[in-house]
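Chains: A, B, C and D, in written order; residue numbering restarts at 1 for each.
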Amino acid sequence: MSEKKKPKKVFQQGPISPEKIATSIANHQSKTNIGAHSIFLGQVRADEIDGKTVQAIDYSAYEEMAEKEFYNIREAAFEKFDLTCMHIYHSLGPVKAGEICLFVFTSSANRKAATDACSYLVEEIKAKVPIFGKEVFEDETHQWKVNI
Amino acid sequence: MSEKKKPKKVFQQGPISPEKIATSIANHQSKTNIGAHSIFLGQVRADEIDGKTVQAIDYSAYEEMAEKEFYNIREAAFEKFDLTCMHIYHSLGPVKAGEICLFVFTSSANRKAATDACSYLVEEIKAKVPIFGKEVFEDETHQWKVNI
Amino acid sequence: MKVTVRYFGAIAEKVGKTEEELDLSTIGSDFQDLKEHCLSTYQITDDGTLQIAINQELGLKRPLKEGDEVAFLPPFAGG
Amino acid sequence: MKVTVRYFGAIAEKVGKTEEELDLSTIGSDFQDLKEHCLSTYQITDDGTLQIAINQELGLKRPLKEGDEVAFLPPFAGG
């Protein structure tokens, strides 16, 4: 539970690499009270909108507020679910179609806590954290993404 | 949907490495219609039972039947959920405490299909696939694991 | 009395800047005064999706104080 | 008439082997006959968790045929 209070850096510049995810998983192999990990990855889609294709999303955030919201969401999740560990990473700046922009990672002794917490975190992040996404098309025009 | 019919090898000897997971994630970055991945990892716990600690689980399976069950579970999941991709890997042989024995990976345009399918697969695998686990203690005695 | 006003995403694009300092002595120290001032100055229409935070907190709508940070936030799009 | 019988996990351990061929002409070709033969021969008690598959399928309980594969399965423990 010491992990609970440690403030964590959520934002990183650019996409989240598969290698970072592997390292994060490997770091949990010494925690032998964990029986289940649940991972959610958000990947940028090459959506076609009015004949134009999204080539990247350029993420920005109200960072000071976002960090507070992430902290509150983490605390609430630790209250609600019997978790061993919880990690959240989100990209800032451009993330190309096919690249990963969100990495949520929960671990618990049993699968239900890990999977329920992971879904909870994703919904909370999408609803409450002031992150903004500019969908950039191949012709460099853009539109602003809205979560549904 | 061509992926749907391709029979897949689920079992592998020994633990599932974080690098394998990273490679599997990286392989999906060319599929730009994917917006969400959900991953479940089962990790062997060092449970203490009557003063003795589990150091590994030695997995065996009725392989011919297990492969059929995995196939049926995959087909049912593709029916139930709007998935782009689905991958299942399970260990055979010894997997040490802290190592990963199950890797379930679902991908979809939207998060709900990916996360619901991932949970569905994990429950189905635990309930329906004839896999057996010998929990080996540090003193080389053992007991047989039962899913709850 | 001065406050900092910050703009994000589509709103920053429309406003043409991400931040400014405003003197409330001419605008009024009421939250609603500032909101209306900014909406009309930059021709932002509030279609119901606009959220405004005071010092990183939503839903306050309290009278403003010297040094407050007011942020105009378009719909969230994380993940 | 011969069938293959396979044992897994805790049952294989108790039986002392993972597979054998049994001649049903002495045991009887009924599913229940074979089940009772194996349970009594190896002193396996069915506490309600035992599952038996015929040709990789559970819950059949049909009369056995030449070449059938009958598998005695303890509780599943995947994942």
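Things worth noting here:
Here, a residue touches a chain if its C-beta (ideal position, glycine included) is under 8 Å from a C-beta of that chain, and two chains touch if they have at least 3 such contacts.
This structure is a prediction, so every number in the text was calculated from the model and none was measured.
Apart from chain A, the touch network of the chains falls into the groups B, D | C. Each chain gets a centre from the mean of its Cα atoms; for chain A and chain D, those two points are 49 Å apart. Per-chain CA centroids place chain C at a distance of 74 Å from chain D. In whole angstrom, the spacing between the mean C-alpha positions of chain B and chain D is 27.
Shared contact sites, meaning residues of chain C that touch two or more other chains, fall at 79. Residue positions 42, 111, 122 of chain A each touch two or more of the other chains.
Contacting chain pairs (ordered by label): A-B, A-C, B-D.
Touching chain C in their complex are the following residues of chain A: 42, 59-62, 64-65, 68, 90, 101-102, 122, 125-134, 144-147. Chain A makes touch with chain B in their complex at residues 18-19, 21-23, 25-26, 28-46, 97-100, 107, 109, 111, 114-115, 118-119, 122.
Only residues 6, 8-10, 13, 49, 53, 56-57, 71, 73-79 of chain D touch chain B when the two sit together in their complex.
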